[in-house]
Structure formats: C-alpha cells, structure tokens
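In the two assemblies presented below, chain A is common to both, partnered first by chain B and then by chain C.
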Partner chain A sequence: MSRPANPNAMQPERPGRTRTAPPQLPPKFPFSGRYRAYTLFDWTGLIYLLLGFLALRVVWALGSGEPAWNHVIRDFEHPLYIAFHVLSLASLIFAGVRFFRFFPKSQLPRVGPVKPPPQPVILAGLYAAWIGVTVVFSLVLTGVLFQ
Partner chain B sequence: MKHPLLKFEPIIWLLFGQGILVGTLLLTGWVLILGIAAPLGVVDALGFSHAHALGASLVGRLVLAAVIILPMWKGAHHLRHVAIDMGGAGRDAVVAPLLYLTALLGSLAGIIAVIRL
Partner chain C sequence: MSERPKKKFIVTRFDPDTDDVPRTQEYEIPVEKDWKVLDALNFIKDEVDGTLSHRWSCRMAVCGSCGMMVDGEPKLTCKEPLSSYGDTVEVAPLSNFPVIRDLVVELEGFMDKFKSVKPWIVRAKRLAVEEGPMRQSPEELEEFKQFSMCINCMLCYAACPVVANEPDFIGPAAIALGHRYSLDSRDEGAAERNEIFRGEGTVFSCSFANECSEVCPKHVDPAAAVNQAKFAAVIDWATGLVLPRGGER
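Here is the complex of A and B:
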C-alpha cells in the first residue's frame, strides 16, 4: 500500500554547521559610490517628517484665528526657516525624481488580462502629475485660483 | 514589540508609499510658495480669511490632512531604515516604535487640526 512521501524524510536530525562570514559594511557605505544616493534618499525622511510637523503648525494656526496665522507667516520670513525650506525643496525634488524613476520598474508585469502602460508612459504621467499639481497648488496658495 | 510591528507592516508601507508619492506632489508647491516665495516677497501670502475659507472646505481639509499626515509616515519609515543602516538592527525594537509613535501622534494631531478648522 502506497502513501504520500514525507518531504522531510531525508532531513538530518540536527542542522549541520553553516559557515558564515561575519557581517561587514560594504567599503563604500554610506557616502561613496551608489550608496551616496541611497543614503541621502533615506535621510530625506527627516525633512519629510519635519515638513509634516511644520504643516501641522500652519494648519493649527489657521484653526486658531488670524493672529496665530499672521504669526506663523511672519515666522516663516526668518532666514533659518527660508534656508530650511530651500533645503526641503531640494530634498523633495531629489526624493521625487528618485522615487518616480523606481515607480515604473516596480509595477506588476500584468494583473489578470491587464498590462500596465509602457514604463516611459508611466514616468511621463508621474512628471506631468507632479508639475500639474505643483502649478495648481501654487496658484491656489497665491490666491490666483479659487478667489 | 517586533510582532505587532510586523502585523502593521502593510499599513505602514501603504502610508510610506503614499507619503513619498502624495507628499512630494503636494509639498513641492506648498514649500515653494509658503516657505520660499511668500517670505521673500516674490508673491503675497494668502490672507487669513481666504486661507481659512479654502482650508475649511471638504477638499481643503482632505488636502491639508494629506499634507500633514503622509509625509510624517514617509519620514518615520525612512528614518527607521537610516537607524538600521547606520546602527544595526539591534536597536530597531526601540527605534521603530518610537518613530511610528511620533508619526501616529502627529497624524492624530493633524486630524484634530483639520477638524477644528
């Protein structure tokens, strides 16, 4: 009488010794070669986190009334805030370009019968959305749109 | 602390991914106008009543919530990876919950800020 084979039948009773090298950081890590962009991309996380909390401060001030709003707007004129925002803009562009470059490559080759558009089309769409949203949002924030 | 984090990993990754995508799309104009152009006098900043009217609308609240919340999660998740890359995974059990708790509290404060507009 036959029965299903046991896939672990030939497994040794004890695991054998596995020789592994001690972990080592690659010589170019963290700021040389290709690691530089990788590390900087990770560090943009700090900028995004701070921008999130800064946006929280702005919206909280907006909900607190006109004096609080004017206070925040005045605070933003401080050179340190302006320097931070210039650094933030550079970080956003760097992170955006890097992420958008990865995005088309990370798409599934097909979902059921549906295939995604070619990679250059996805990339072009992302850049068009980025430019479009930035222009519209800038026009809203300067009062040109939705007066 | 590792097990609950693994359980929430799909949600964290979703917020992280949206943090880069939506955060980058929205924050570029935000930083350009509110952070650079208006303070330098290149353009006029929105007056309070106009800003409040825009922000208090349904779409305005959703956009403001996205501007606050999503970048925090992108930031927390990437900083976690900075900590792992620079200091090893040994401290991850402490660093990861701390960062995600910061993002969570910031998100809750963001929701409250948007509701009270």
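Here is the complex of A and C:
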C-alpha cells in the first residue's frame, strides 16, 4: 500500500454505518509512471521563480548605471549561470510543449456562434507563434533588428 | 489435458471488524489464457476464499462497478486481460477512496460530489407535451456526446493527484458530467453550473495532470471537460461584466 492520502478525500457528507479504512494515494504518485512528467512540470515553477529574481537583479543593475550593468553581464559568463540558463531553456521547452499538447483540447466546441479551428490547426498556430517570437527576439538580441 | 498455468495474486484485504488497517493476502491459482482480472477474482471468491469482497456486475466494461488498482493502475478488472500482466498481479481497492471492505470502496462521497453539479437538463419552463419533443441536430449532439459516455467507474478519481490532496475537489467525472449538460442544446442551466464551477474546489483546483483522461476506460477525456469548463466559467463571468443585465436574456 502507498502512503495515505488526505483522510477526508472522498469522504461522504454523512459517515456510513461501517468503519472504513483511510484512502491511499495512487501507489505511483509522485515519482514514477506518468506522474513523473506531471511532478517535473510542477518543479519547473521553481526555475521560473529563480528566473524572476534574476530578472529583478538585471533591471536593478540597469537602473544603477553602466558599471553595475557590466558587472551583471560579466557574471553571466560564469559557468554556473550558463548552466542555469541551459536548464531554464530546457524547462521552458518542456513546459511549452506540455502546454501546447493540452491547450487544443481545452477549447470549447463553440463560443456563441464561433467555433474554434480544428485541433491540429490550433497546435500548428501555437508552434508557429512560438517559433516566430523566438526568431524576432533572437534578431533583436543579436542586433540585427533595432540596432 | 495440459495443466493450466498458475499466477500469484496479492490482494488487499480489510475487515472493519478485525483489521485496524488494510493488509495483503496472497493467492496462487490456475488461470485460463482468455481470463480477465475479474475472472481470477471470481475464481478466488468461488473456489479458494469465500470471504473476499469485490464489486462487479456486467463483465463487459459498461456498468463501471469493478474498478480497482491492478499493479498500481486504476483499471476496470473486467476489461483487463490477465495475459497483459506478469506472474504476480497486485490487486487493491481504488486509491483516494475510503475502503469499506477488501476491494470495496465507499461511494457516498462520490455521489455527494456528483449531485453538486446539477447533472440533469435544467429548463426555465417545462415544455408542454403538445409542443413536441426538444429536437437536437447531430452536430449539437456531437458537441457533448463524448462526455456522456462516462460510466461512473471512478478510475479518474483514483488517478487524480488533486482528489487525493483536496477533499473539497468535486473531481473529474462530476465536472465532465456537469459540462456535458452545459453543452447540451436543450439545457438552460449553464449559467448556474458556471457559478458552481467558479466556486472553491471545482475546475480551478485542477492542475491538468491529465491522469483522468489517461486512465479513462471509455476515452471520455475528463481533463478536456474540466479545462473547457474553466474557459466557459471565465467567459461567462467576463460577459456578465460587460453586457447589460449581466448578459441575461
């Protein structure tokens, strides 16, 4: 048997006449089987939290003058920062792909008279938008656009 | 006649009169190659240990009675061929449900949650017989048909990590059924259900693990229903803000 679930999970409003054994969590939760991807998806939230703090630091340096900004840029060349950015990219791709996989089926069959496009079209649109935004950002950051 | 191969079953047992907590018991029985897991449980009950308790009825994956954890996965035991398991098969009651006895779980909590989403056609005014039947086109039927295939087997509740941790969560099957009626062209209760779905422990408690859809034996896709219901609840709330009289006709 796996570890116990919340003892009140699925309890009736009025207890029955028979004494019951407490419910158990699904045996494979949270680290094996299909739950692994779900748990991993949740853990990527921690990376986005750290990225948020990093963004605040960059914005703070931007407001503090050129020496502070250069200091931050130098820090980013440290292997730990590079590793963190690679990890962030991997988790962003993982979360994005998972979100895109589920998003089409969460569309209502109809909103008033308007029907959504077929699911493959929505999926293709999401990937096209993602790739498009990535290309534009890359061009801006490499100085090709808005130099 | 050749001797039938044997399989070992590790079955969770719980007698509320004598056991403090569930325990396991092993049975080694001869099996036929075309048996389902339920056939083996019935063999144990009939030939080996008459005290074993489990629910079953139709044996054709229609009634939804025989849902259990088989090797840690929620399954309809009448649908699962024994040949897809190894020499040892673990059978336990559905996760996330209190256990009444052996493999039998308490259903009342599920039924309480079920009723909360108004799973019936809501009409402001009943149609008189003279007005004829409420007609529905095949396209209108198609919008909700998938969600009406639910057999209430509760496998989705056993797989859902949110059900395990949030006792107030009304769960995938109940939301799928409520959403099914909201999508029904004959129904006028979508606004009432959206109000329910905007409350605590409903659609927004779902973190889209998608496990309910993975384990559904009837391919109902409750995760789609829950997340469509999120959209519907938000659209209903937003239109209520911007339209005159809250969008009521």
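Basically, the second predicted complex is superposed on the first by the 126 of 147 C-alpha atoms of A that agree within 3 Å, B and C clash if a C-alpha of one lies under 4 Å from a C-alpha of the other, contacts with A are read in each partner's own complex, and residues count from 1 in each chain.
The definition used in the following text is that a contact is a pair of C-beta atoms (placed from the backbone, for glycine too) under 8 Å apart; a residue touches a chain by one contact, two chains touch by 3 or more.
None of these values were measured; they are calculated from a predicted model.
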item: Which superposed partner A:Leu51 touches (first chain B, second chain C, both, neither); value: first
item: Chain B versus chain C as contact partner of A:Asn6, first or second or both or neither; value: second
item: Contacts of A:Ser88 with chain B and chain C, given as first, second, both or neither; value: first
item: Partner chain(s) touched by A:Leu62 [first = chain B, second = chain C, both, neither]; value: first
item: Partner chain(s) touched by A:Phe31 [first = chain B, second = chain C, both, neither]; value: neither
item: Partner contacting more residues of chain A (chain B vs chain C); value: B
item: A:Tyr127 touches, of chain B and chain C: first, second, both or neither?; value: neither
item: Where chain A meets both chain C and chain B, residue numbers; value: 29-30, 42
item: Partner chain A, residues of chain C touching it in the complex; value: 12, 14, 16, 19, 21-22, 24, 69, 72-74, 92, 95-101, 106, 108-113, 142-144, 157-159, 161, 163-167, 183, 207-211, 214, 221, 223-224, 227-228, 230-232, 235
item: Chain A - residues contacting chain C, complex; value: 1-2, 5-6, 8-14, 16, 18-30, 33-35, 38, 42, 102, 105-111
item: Contacting residues of chain A [partner chain B, same complex]; value: 29-30, 39, 41-53, 55-56, 58-60, 62-63, 65-66, 69-70, 73, 76-77, 81-82, 84-86, 88-89, 92-93, 95-96, 99, 103, 129-130, 133-138, 140-143, 146-147
item: Sites on chain B touched by chain A in the complex; value: 19-21, 23-40, 43-52, 54-55, 64, 67-72, 74-79, 81-82, 85-86, 102-103, 106, 109-110, 113-114, 116-117
